[in-house]
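Input: one structure, supplied below.
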Amino acid sequence: MSVLELIIALPLLAALAIWLGAPARAASLAATSINLILVLYTAVQYWGKTGLAFTYSRPILENPSLSFAVGADGISIILALLTTLVMLAAIWQIHDRPDIFYVSSLLIGGGALGAFLTTDIFFIYAFHELALIPTFLMIALHGRAEPAYRKAVAWKATIYLGVGSLVLLAGLVWLVLEFSGGSKLTFDLEALRSQARLNPLPDAKQAQIFFVLLLGFGSLVSLFPFHSWAAPAYATAPTPVAMLHSGVLKKFGLYGLIRIALPLLPHGAHVEWVQNALLLMLLGNILIMGLVTIHAKRLDDTLANSSVMHMGYIFLGIAAGTEIALKGAVILMFAHGISIALLFGLLGRMRNQLGTLEYNKLGGLASHAPAFTVLFAFGTFASIGLPGLTNFAGEVLIFLGNFTDFKAGVMTNLQWTVILALWGVVMSAVYMLRAYRSIFHGSPATGLFMIDPALSQRVPFIMLAATLLVTGCCPWLLLNLMKSAL
Amino acid sequence: MSVFTIEAGLALLGLALLLLEAFKPDISRRTLGLTAIAGTTLALVLFIFAPHDTASLPGFIQPWHQLDSLAIFYKGFALVITILVLWLTLECAPYLTRFTVDGKLAEMFSLPLIVCAGMMWMASARDLVTVFVSLELVTVSFYVLVAFARKSAFSLEAGVKYLILGALSTGVLVYGIAWIYGATGTMSFDGIAKALANPATSKTTALFGAAVLLCGLGFKVAAAPFHMWVPDVYQGAPTPVTAFLSVGSKAAGFVVLTRALDAFMVEGSIIGSEIQALLLVIGSLTALLGSLPAMFQASVKRLLAYSSISHAGYLLLALACRESARFDLSSGGVVAFYLATYLPMTVLGFLGLGLMRANGLGEDIKDFTGLAKRNPLLALLMTISFASLAGLPLTAGFLGKLFVFLGLADHGYWGALSCAVIAAAAGFYYYFKTILAMYTTEGTDVPALTFSVPAKAVAGALALVILILGVYPKPLQKVLTSDRPAVVAK
Amino acid sequence: MITLGHYLVVSGMLFSLGLAGVIARRNIIIVYMCLEMMLSAANLALVGFSRFHLVNGLPDYTAQSLVFFTITVAAAEVAVGLAIIVALFRSKQSVDVESVTKLQG
Amino acid sequence: MPPLLFYLFALITLGFGFLVVTGRNPVTCALALAASFVGLAALFLSLDAYFIGVIQILVYAGAVMVLFLFIIMLLDIKTEEGKKLNLPAIVSGVLLAVLLTLQIAAVVGSTELARKTSQDTPLALTEAATKIGKAAALPTITNDLKAGTLPDAKLIGFTLFDQYGFHLQVIGLLLLVGTIGVVVLSKRERSAP
Amino acid sequence: MHASIILLLPFFSALVILLGHRQLKGAAVLISVGSSIISFIACLALLAAADDKENTKLLLPFLDIGYLHANIDVLIDKQSRGMMFIVSFIGMLVHIFSLGYMKDDDAKPRFFGSLSLFMFSMTGIVLAGNLIMMFIFWELVGLSSYLLIGHWYQKASAAEACKKAFLTNRIGDFGFMIGILLLFGANGGSVNIEDLTTAFGPGGTLGIHAPGHSAGFTTAAALCIFLGAVGKSAQFPLHVWLPDAMEGPTPVSALIHAATMVAAGVYMLVRVRFLIEASPLAAEIIAGIGAVTALMAALMATQQNDIKRILAYSTLSQLGYMVMAVGAVAMSVQHGHELHGPNPGHPAMFHLYTHAFFKAMLFLGSGAIIYACHHEQDIWKMGGLRKHMPVTFYTFLIGTLALMGLPWITSGFYSKEAILGAAYDSGCSILFHSASLTALLTSFYMMRLVIVAFFGKSRTDSARHAKEVEVIMLLPLVILAVFSVFSAWKTFADTLQAYKPAHEEPHATVLFASIAAFLIGTGGAIYLYRGKDKDPINIKLFANKFYFDEIYAVIVRVCQDRLAWIVTALERVLVDGLVARLPTAIVARLGAATRMLQGGHLQGYTFLLGGGVIAVIYLVVFVLPRLGH
C-alpha cells in the first residue's frame, strides 16, 4: 500500500459514495481536501529527493507483464498537486447543480491522478481514458448550448480524443514491443526505461515511434492541426469540466511525452524530420491559434483558443528536450493548468450571472465586482506570462532551454522557432488585454449587473490565484521537486 | 465422473425436460427453467471438479475428443453462457411468450442444454467428422431457437434467413471438408497437420480445400463477407437466443476455427502463409464491415449484432497472429481471453435489452433515453457493458483488444492494425451514442423501471466480472496459459 | 478414361448449379432444393476422394461415414427447414424470398 | 464404369439439376431433383460406394423428395408464372456459377490425385482381408473380401458402429432435435383456430 | 541588507494593500507612503556606505537549475546606487504629493498599492544583477504602469491608453527577450551583467577581438536588447504609448512616465553598453533612433495644447536625447575615444539624473495646476496662473529653465552639454546638428508653455478661480526645484553618485550651440506667443503627431485583425475541414455504403456469400501463392 494508491482511490471512492447516496458536496469536498493534504504531504516528503518514490506494485498479469504500479517523481507530484488544486477549486465552485457535476469532477480528477501517479503504461493510458468519459458526457448533457450543438461538440471532442488515444495506443504498443527486450513483454515504465538505456534503438526508428506518439499524445493536447475539438469543447463544457479538462486532463498528453516518449526515445525528437514537423505544428499552435484567438469575439472563445495556443509553448520545451526546457515545460504545464482553471472558473460565474460573454455587450465590470476583477486579472496576467506568476517561469525556462547549445551566429530551426514563438507572447497580451479591457474597463454596460462572489465562493479562486503568485515568485519550490534529471 | 459423462448427461437432461413437458403439459415454465438452470449449474460444478485430461475420457471417445486447456476453457465457457441464457429466458419470458405458440417456452429451456452439449463436443473435437456432427447439432437447434417466437414476424424472418444461409454454409463447409480430405487423405486435425507439413501434398488442392472450409467456418463466426446474416438474425431472434448465438455459437465457431488453423498453419505447413494472409484480410474486413454500418443503427440490438461482427474481426486478427515467443497468451489463448471478456459484456448488453423489453420498452437507442433517471443501476451496468464493448481501459474489453493490437504490431501487420484501429474508433462512436442516450435527461417524463433482485444480482455480477477482468486478468491468464504445442507459421 | 477429375468436375458443376439456383430462385422451397443439391455435390466429391484414398486397398470408409452423416443431417435440416417454411407460409401466405425483407440496414 | 455410362449419369445428374434451377413449377423442380439424385446415386455406385448410392436413393430421392412434394402440395404453391424474374439475381447467379466452376476445374486440373482412374488405383480386396484390423473380427467381411466382393454395407456399418458410435448418437440427437423443431415450428396454436 | 529592504519593502506594501485594500482603507496610504520613506532612508544608507567595489550578491533564489542561475541577485555599483537614489527620492516625493493630489479619489488604496508595486519593480530593474532579473522587473514595471495609467479605467481613453502602453511595451520586450536569449546562449548560460561585461571586455570570449566574435550576432543581440529600451523608453517607432499614458494621474506621469520608468531603457542601455560598443552598426542605429525620436518629439511638442502632453513629448524628446547619447558615446568609443576612467560616467545617465528631477518637478507642477484648475489641461484655457499660484509658478519656471538648459546655472545645461559633446565626439555631424536643433525646439516649446499658461490673462473660469495648492503638494515641488538647479553641481552630483562623466572642457562649438539654442528658442517663443489667446502657428503634421496613431491603427487593422480574420476562416475551412470533416465524411460514406450491403434481401445475401466464397478462393488459390507468400 502506498499513499499514492490512497490518493488515486479517494476521488473514485467518493464518486461511488455519492452514487450510493452520500451527500454530494460534503463528500466530494472532503475527499478532495484530504487529497490535497495528502499530495502536499507527499510533496514535502519528496522535497529534495530524486528518482521514483512511494512506489508499490501489484502485478495483474504475468506476460505481458502488467501491474498496478504506483510511483511518483517530481513531475508526477507537481501534476498531482495541480490536479488536486484544480479539482478542489472546481468542486468548490459548483453551486446549485445536480450531483452528476460532483461525480464527474471526481472521476475526471481521479482519472487524472491515476494517470499521473501510476508507472505502468497500461494504467497510465487507462486512467486517462477513464477521465475522458465523464468529460464527454458532461459536455453533451450539461454543456452550455443548444442540445444539438453541444452534442455535436462533445462528439467532435470524443472522436478526436478517441482516435488520438487509439493512435497513442498503437504507439505505446510499439514501444512495448521494441523495448520489452528478450522474452517477455512488459508495460512497466521503469523496466522499459532501463531497456532503452541498455539497448537504444537506431535514431530512424526512434523518430518513427516518437512521431506516432507525438500524433497520439498531440491530439490529446490539441496540437495543431489536431486541435479543432478543443476550443468548442471548452467553450461549451460545464464549468468544472472545462476547468478540469483544460487545466488538468489535457496535460496528460504532455506528461506522456515527457514521461514516456522522451526517456525511451531520447533521440526521437531530434531527428530532423520529426523535429521540423513538431516545430511546424507548434508554430501552428502559437501563431495560427494566436491569430484565431485575437479574432475571437467572446470570452469563452478567447479562453478556449488561448488554451490551445499556449500548448505550443510546452511543445516547444519538449522539442528542445534540454533539461532546462523540460523543467520549464513542466512548470508551464502546472502554471497553465492553474491559470486556465481559474479563468474558466470565473468565466462560468460570469456566464451564470450575465448570460452573455460577448465583448461588445460587456464592459465596466470592475466597478461592480472588484474582487472578481482582481481574481480575473491574476488569470489574465498569468496567461500573458507576467513575471511573478508561474507561467512566466515556465515560459522563460523553455526559451532559455532552447538556447543552451547556441553557437554564436548560427541559429538552428529550434531557435528560430523560439523567436517566432516569442511573438506569440505579444499576441497573447493582445487578446487577453483586449478581453480584459472590454469586460472590466470602460463604463458599465447597461442592463448587465454582476456582483462579487460571496467570500465562501471566492475561496477556490483565491486559492488558485495564490498558487500562481506563490509558485510564480518562488518557482524554485517546483524546481526543487524536480531535482532528478529529466 | 468424466467430462464426457457430464456432457452426455446434459444432453439427456435436455431430453428429459422435453419429455417432462410433453407428458406434463401443465408444468410451469418457472419449474422447467429453474430445473434447467440447476442442471446446468450442477454440470458446471461437476465439470470444475472433473478430471481435466484426455486420458480421463472414456476410451471410445478418446480418438475424437481431447481435453486440452482450450477445450476445458470453452466447455466451461459454454456452460456459463448456457446458464446465463436460460436465466435470461426466464427473465424475458413475460414478453417472449406473447410470440410463441400457446405461450409455451418449454423447448427454450431444453434445447439450450442440447446446444450446450453440442458446443462442448465441438470444443474438444479432434477431427472434422466430430466437428461436423456437433456443429450441425448446434446449428439445427439454433434454426429452431431463432424461429421459436414465430408469431413475431421478425423472429420468423430471422429463422428463414438463418435457415437458408446456414444451410448454404453447411454445404460450403462439407464441400471444404471434402477437398481437405481429398488433399490430405484424412479428416483428423493431427493427420491434416502432418499431411500439410509434408511438401509432397498438393498445395493447390490443399489451399482450395482450406479456403472453402474456412468460408464455411467463417459463416459460423460471422467473418466478412459471410457475416450478412448476423444483423438480421440477431435482430429478429428472441433476445436470449441472440445472446446465445452471439456468444455461444460464435465461441464454438472460434474453437473449431482455432483447431483448424492450428492444423493449417502448423510449422512447415505448405499453406500456412496463404492462410495467414487470408485471415488478415478477412479479419480486417470483418472488423471494418462490422463497425462502419453500426454507426448508423437505430436499434441497439442490431447495433450489438454489428458489434459482434466487429469483435469477430478482432478475433480473426488474433488468430492470424500466431504464437509470439514473447507472449504467454498464444493466439488461441488471445482468442480465448477475448471471448472470455466478450461473454460478460455481450450478455450484459443483451440482458439489459431483455430487461427493457420485459418492461415494455423497445430496443431502439431512443428507448434508452433517460435510462439513467429511470433506473440508475441499469444505466450504470449498461454503461459498463458498452464501455467494455467499445474497448475502454479498465474494462475487460480493453485487454482483449490490447492483446490483439499487441499481436498485430509484434508481427508488423500494420495494414491490419490500421483497420482494427479504425474499426475501434468507429466503435467508440456507436457505443457512446447509446451511452449518451442513457444519460440524456431531456425528453419525456418517463416512469421508473423496475426489475427483479436476481436480475440485479446477475447483471451486477457480470458488470463486476467485466471490471475485475479489466484490472485483474491474472487468474484468467492462468486458466488459459496454454499447454498446447506451439505452432508457428513459417 | 474416367478419372477422379471427371467426378470432381461433375461435383463442382453440381455445386455451382446449386449455388446459382440458390441465388437466382425466389421460391424458398426451390432454394432449399438447390441447397440439397449443393450438399449432394459435396457428397459426390467426398465419395470420389474416398474411392481414391485407399485404406488397406479398400475405399476410405471414414469419408463415407461422413457422407452418411451428411445425408442424415441434410434430412433433418430439410425437416426443420420445411417446418419453418410452412410457418412462414402460414404467416405470409407466400414462400417468396422477397417476403422476408423487413430486417435490413 | 465405362465412360459412356459415366457421361450419361453425369448428364442426368446435371441436366435434371439444371431443370431444378430453371423449372418454373415447384413440382417439376422436385421431381427433377429426385431424378438428378438418382443419377448421382448411379455415380456413387460407379465409385464402388454402393451403400451410399442406395442411401442416396432411399433417403434423398425417396424420403426427402417426398417431403418436399408433400409440402408443395400442402401449401398449394403456385408456379412462379406471372411473377417477374429477378434478372440481376439470375445474372449474378449464373455468373458466380460459371466462375466457381472454372475455379474448381482449374483446381482439379492441378490436383495430382484427380488424374487417377479406378484402373490405376484398383481395390485390393483380397490383400485387404488381412489388413482390416478389428473388422476382421467379423468373418463375413473377411469372407466377402476373400471372395473378391466388396462388403460395402458391412464395412460402413462396421466403421459407423465401431468408430463412429459417438457420432451416430449425436446424429440421433440431432434428428430428435429436428423432430422437436418441426413440432414446435409447425404446430397450430391451440387457442387460435 | 539595504538592498533587500529597498526591494522587498514596497513588495510587501503592495501585497498587503492589494490583498486587503477594502479592509485597510486609509491605512493603505500610510503603509505605502511609509514604505517609500523607509526605502528612501535605506537608500541614503546605501549611498553612505558606498564604495566603488562592485558586487553582485544573491538575494533570493528564483530559477536555479543546471548551469542556469536566473536568480534575484543585486548588482550594487555606482550606476545602480545613483539610479536608486533618483528612484527612491522622486518616488518618495511623488508619494507625498499624491497624498494631496489623490485625496478625493475613491480608489486611493488601489492607487497607492500600484505605486508601491511600481517602486518594487523599478527598484528591481535598478538593482538587477542579471538580465533575466532585469527582464522580470522590466515586465513588472509594465504592469504597474498599466495599472496606474488605467487607474481611472471607467474612462474609455484611460482604458485604451493602459492597454496600448502595455502592448507597445510588449513589442519591445519581445526584442529584449530575444536579446537575452542570444546572450544567454552565446555566453554559455550566464546573463549576469558582470559576466557579460567580462565576456565582452578585452580578452573576453565575445569581445570584438575574441576569436568567436561575430559582428552579425553582436549587432543582432545589441539591437534586440535595444528594442526593449525602445519600448520602455518610448523611442521611435514605439513612442506612441507615452503621450497616451498621460491619461493616468499626474503624479504617476511624474514618477513613471517622466523620471524613472521611461528612463529605465536608458539605464539598461548604459548597463549593457559593452554590447553596444562592440557593434558599430548597432551604435549608429541607436544613436540615429535617439536623434530621430528627440527631434520628432520636439516638433510634435511645439503644437500640443494639453499641458501634460507637452511635457510628455518633451520627455520623449529628452529620452531620445539620452538614447542618442548612448549611441554616440559608443560610437566615439569605437573611434578610440576613451571615456572610461576610474570613475566612469556617462552623459546619458547624467542627463537621466538631472532630467529626473526637473521633469518630475514639471509634471508635479502641472499636476498642481491641473488640480487647481479642476482638471483642466488645455493651456489655452489657462493663462495668468502666475498670480494665482506663485509658488507653483516659480518652481515650474525653474524646472522649465532647467529643461531648456539655462547656461551655467541649471543642472540641465550641464547634462545637455555633455550630450551635445558626446554627439560632437561621435564623429557624425548629423547627430550633433539634430541634437542642437532639438535643444532649440526644447527651449521654444517650453517657453511657449510657460507663456501661455502662466502669463497673460486667465482665459477661463477654472483658470480664474485657480488657487495655490496645499503645502503637502508644494513641498515636493520646492524640493525638486532645488534639485533642478543644483543637482549637476559637483558636490551634489558626487554625493548622490550621479553618473557624471569626467569633466572635460567643452568644445567651443558645443558651448556655442548650446547657448544659441537656448537663446533662439526662448526668443522665438516669447516673440510668437506673448499675449496671444490663440496659437499663431498651425502645423497639422505636428499637431497630429505625424499621424503615427492613424498609421498604426491601419497596420493593426490590416496586419493583425484582418489577418486574424483570414486565418480564422482558413483554420475553420482547411484545418478543421481536412483533419476533421473530411475523414468523418469519408467514414460516414463508407458506413452508409457498407450498410447498403445489408439490404435485407435473401438473394443479395446468398449472392454475397457465394461471391465471398469465390473471392476467397480466388485470393487464396490464385493470387496469394503467386505473391510469394
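By written order: A, B, C, D and E. Residues from 1 in each chain.
By our rule, a contact is a pair of C-beta atoms (placed from the backbone, for glycine too) under 8 Å apart; a residue touches a chain by one contact, two chains touch by 3 or more.
Computed from a predicted model, the values in this text were never measured in an experiment.
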What chains, if any, are shared contacts of chain A and chain E?
B
Chain whose mean Cα position lies farthest from chain C
E
Central chain of the complex, centres being mean CA coordinates:
A
Tell me the chain pair with the top count of C-beta pairs in contact.
C-D
If you average the CA coordinates per chain, which chain's centre is most distant from that of chain A?
D
Mean-CA-position distance for chain E and chain D (Å):
102
Mean-CA-position distance for chain E and chain C (Å):
95
Chain B-chain C separation of Cα centroids, rounded to whole Å:
26
Quick one: report the Å distance separating chain A from chain D, using the average Cα coordinate of each chain.
71
Indicate the residues of chain C shared as contacts by at least two other chains.
8, 11, 15, 18-19, 22-24, 26, 28, 31-32, 43, 48-50, 62, 65, 69, 73, 76-77, 80, 84-85, 87, 97, 100-105
Counting only residues that touch at least 2 other chains, which ones in chain E make the list?
595, 598, 600, 602-603, 606-607, 610-611, 613, 617, 621
Residue list for chain B, restricted to those that touch at least two other chains
129, 133, 136, 140, 143-144, 147, 150-151, 159-161, 164, 168, 172, 179, 182, 204, 208, 231-232, 293, 296
Could you please write down every pair of chains that are in touch?
A-B, A-E, B-C, B-D, B-E, C-D, C-E, D-E
Could you pull out which chain A residues touch chain E in their complex?
156, 159-160, 224-229, 288-289, 291-292, 294-295, 323-324, 327, 364, 366-367, 370-371, 374, 381, 386-388, 392-393, 396-397, 399-400, 402-409, 415, 418-419, 422-423, 425-426, 429-430, 433-434, 437, 440-443, 474-476, 479, 482
Going by the contact rule set out above, which residues of chain B touch chain E in the complex?
160-161, 164-165, 168-169, 172, 203-204, 207-208, 210-212, 214-215, 218-219, 224-226, 228-229, 231-232, 273-278, 281-282, 288-289, 292-296, 422, 426
List of chain D residues in touch with chain E within their complex
86, 89, 92-93, 96, 99-100, 103, 106-107
Mind listing the chain E positions that touch chain D in their complex?
603, 607, 610-611, 613-614, 617-618, 621-622
Partner chain C, residues of chain B touching it in the complex
128-129, 132-133, 136, 140, 143-144, 147, 150-151, 153-154, 156-161, 163-164, 167-168, 170-172, 174-175, 177-179, 181-182, 185, 187, 231-233, 235-236, 293, 296-297, 302
